[in-house]
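Two complexes, one shared chain (chain A), two partners (chain B, chain C).
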Partner chain A sequence: MAGRRAEAFLGLGFLGIMTTLYLGFQWAPSVAIDAFESPAAQRIFYWHVPAAWAAFIAFAVLFAGSMMWFFKRSPLGWRLHVAGAEAGLACGLITVWSGCVWGAAEWGTPWDWTDVRLNTFGLLTLLALFLVLGRQSQPDGVETRDTFSTFGLYGFILVPFTYIATRIWEIRHPGPVVAAGDDGGSLSGDMTVVLLIGALSFTIFIIGHILMSMRITGLEQRLEQAQNHIDGGN
Partner chain B sequence: MDGMTYLTVAYLGMIAGIAIWTWTVVNRSRAIESRLAAVEANLNISASEADSISKEQAE
Partner chain C sequence: MAEVLLSIKEVEVRRGMGTVLSAYDLDVFGGDILVITGENGSGKSTVIETAARLLPLEKGHVSHHGHLTHHADGRRLNPIKPFGLTLQSNGVIGSETVEDHLQTVAMLSGVQLNHEPLLESYNMDHRKADVIGHLSGGQARKIAVLTGLIPAMVSASPTLVLLDEPDAGLDDHAIDSLIGQITSLAAAGHGFLIASHNPKIQSIATKLHDLSTTVEGVPNDAKPWTALGTKVQPRNTLFRTGHRYASSTHSGLARNGIVSMMVLGCLLALGDPANLPTGLWTTGAILAPAFASGLVGDPTTHLLRENRAVDWWRAQGQRTPAATGLGLMVGTMVTVAASYVMLGLVDVYLVVIGALMCEFTMKAVRFLNASTQRLSRPNAVFIRLLLPAFILPWALIVSWAAEL
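Entry: the complex of A and B
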């Protein structure tokens, strides 16, 4: 039942993501030719921004799960931690990849080591990579879970820092285009609609992935328990 | 490269990433589900005994 629900979220989210792509190419207006070095590549942002949004949701789930495990020893918390790390890694990599390609087209370089937003988001993605690979290489146990939960807790400080980075230090990465304050952002109405459809679709998609990942972790724990029975451990 | 090439490369990479990620997760879920069903049916274990680490901590 839970598996079917997760798959329904995944299917619906994927449909929305592909609709966003279609609308981004076919319906959303082009930007002014003189506004960007590479106006055509601007359409990358219809997936780039929603993927970054989904990554932030995943990192919030990672933080909540880490808290629940660390302070309450909650099995649900550990499953949330694992799901948040995996979803954060996937969405983080999608965001970094699309950002690098856009940077290469627009700035002439895929990465700028002096830009705070790029570096804090890159660190968040590396943190998720560390958590995913670390969990796979370590035997499951209280110490392992405590260690990774601590990283999940302290790593979350990068999220608000990443969010405000372009508001304080706009170096290379563009500033906010929606919810930008009094001036209302720099997007046209149609562009905003496509972007919001993308954000909603990626949110549904990430919920599906988180549910699916939590289910897998639960199944792995049951399998381990069954193996303990076979080995005579319990 | 022109803008359209960059746009194509970016979206192909993202589509491949999303497809591989989703395919892997769904396959992992189905594979472990069938393995578990076979093992638990033989051992008569209930799902409530799932997380042995949490159980040890609670005791």
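Entry: the complex of A and C
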């Protein structure tokens, strides 16, 4: 039943993401021609921003799972940690890739190592990649779980740092367009609608991804227990 | 009543996904030869490594000489007195000579030692100047066994000794020597916790322990050991050992130096440095080799992974040998070279910045590597994925240095 729920979330989320892509490219109004160097490329934001939003949800799940494992030895916590890392990697890569596409069109370079927001978000994605690849390289055990949970806990420091980065050091990455505080946003009503559909779709997708990943980790654990049982262990 | 040298109380230890020790208690007193028996995988090594503070505790605590050394809440304190440890893996670095290694072990106990009689007792005196990596498996094991015994051999007061399968790979003569030394040291008040299947070693046990019950063994009537060596004040042992490790393997040159030279060479391959666009680019090109050298990390970190040497050192204290200052040396040399090649002169400010950058980067990479030390396969983990974190600080330093 839980498996079907994960698939339903994934399917619905995927449909929404594709719809966002269509609406972003075909329906959403264009920005003012003098607002950007490459105004058409701005449409990739309808993917980029919701993907970043979903990545932060995944990193929050990673943090919560790491805490639950590290302090409570909760098997559920470890499954959340694994799911959060995998989902964070997926959404992080979408965010970085779409950002690079826009950067190449707008700035003339896909990446700027001197921009704080780009660095901290890139590092979060690398951390997720490290956790995913690292877990696969090690036998499952408390040593492995403790070590990677520690990285999950400390790595989360980057999340608030990434959030405030453009407010403190706006170098290349644009400042906030949603929840911009006193500065106000720069989005029209239609733009906001597409962005909200994107955020909702990515959120549903990430929930499905996390549920699916937790299910797979649970099955891996059951398989290992069965193998240990056959080997005569506890 | 003899002193309690080791006390393990209500300990729970997990390895992999299994609980190996649960509500486990064990005391080792001065004069004890407590031999742990049991099948492979029953937890003998886990007890030894728990006593040596190498394994995290889920519950309970471990004390040496009545002082807390490790607690389930995460506290891990240095023992008040050095203890002997022989791990199942030898825990010694192959590039060390026999005499350097034994002298270092004695120095950790604050003693200068004439180790020749000890080597003679294992027919190893002709090998004292050899590098341990060139010895046979059995000969290297003898050095690992002596490593575990030396803290007791040089001490007049009761010392704890932990030996994990010390007889593995030893010939009959060496086992007889080992038994003679253990009984003699125990008679002098030192306490032994030994994991062994060997019937000869089990035959000298004053207590036999199978992880659930302890039964009395045979009384020990050997002649007491007389402490060896002369007291000295140990100075910078970790620093000296770290630099000896690095220099004996030339790993500072082989790992850090070569990478920095490669970076410099690659930059020069692009053309005449005089044609670099701005001062910023020139400064970056001058500092890049030192930065790359630092990113390779402290060479001792890599060396200490041999034969679980890092675990042996971690058991002795909170810190492990480090080639502190190597980054300053390498960074200075490569930045002098880069500055001369790029500018035609040596810019002292850039040389200082390059040296400091190399040292700090090396330390930071060492910290990252140390954070994965507990993993069962630390070399297989992709910790270097996190190194791009250093790019932004590097870029900021370069832009600051370019304006000097």
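Here is the rule we go by: the second predicted complex is superposed on the first by the 232 of 234 C-alpha atoms of A that agree within 3 Å, B and C clash if a C-alpha of one lies under 4 Å from a C-alpha of the other, contacts with A are read in each partner's own complex, and residues count from 1 in each chain.
By definition in this document, a residue touches a chain if its C-beta (ideal position, glycine included) is under 8 Å from a C-beta of that chain, and two chains touch if they have at least 3 such contacts.
No experiment lies behind these values; they were computed from the predicted model shown.
In the superposition on chain A, A:39 makes contact with chain B only, not with chain C. When the two structures are aligned on the shared chain, A:19 is found in touch with neither chain B nor chain C.
By the touch criterion defined above, A:224 reaches both chain B and chain C.
Judged by the touch definition given at the top, the superposed model places A:150 against chain C, while chain B stays out of reach. When both complexes are overlaid on chain A, the residue A:7 reaches chain B alone and has no touch with chain C. With both complexes placed on chain A, chain A has more residues touched by B than by the other of chain B and chain C.
Looking at the shared chain after the overlay, A:203 reaches neither chain B nor chain C.
Of the two partner chains placed by superposition, only chain C is touched by A:123; chain B is not. Within the superposed three-chain model, A:141 lies in touch with chain B and with chain C [touch as defined at top].
When both complexes are overlaid on chain A, the residue A:133 reaches chain C alone and has no touch with chain B.
The residues of chain A shared by its contacts with chain B and with chain C are 73, 140-142, 224, 228, 234. Within the complex formed with chain B, the chain A residues making contact are 3, 6-7, 10, 14, 17, 21, 38-41, 43-44, 47-48, 51, 73-75, 78, 86, 90, 93-94, 97-98, 101-102, 104-105, 140-142, 145, 209, 212-213, 215-216, 218-230, 234. Touching chain A in their complex are the following residues of chain C: 14-19, 56, 58, 371-372, 374-377, 380-383, 385-386, 388-389, 391-392, 395-396, 399.
Of all the residues in chain A, the ones that touch chain C in their complex are 73, 113-114, 116, 119, 122-123, 126-127, 129-130, 133-134, 137-144, 146-147, 150-151, 224, 228, 233-234. By the touch criterion given at the top, residues 1-4, 6-7, 9-11, 13-14, 17-18, 21-22, 25-26, 28-29, 32-33, 35-36, 39-40, 43, 45, 47, 49-54, 56-58 of chain B touch chain A in their complex.
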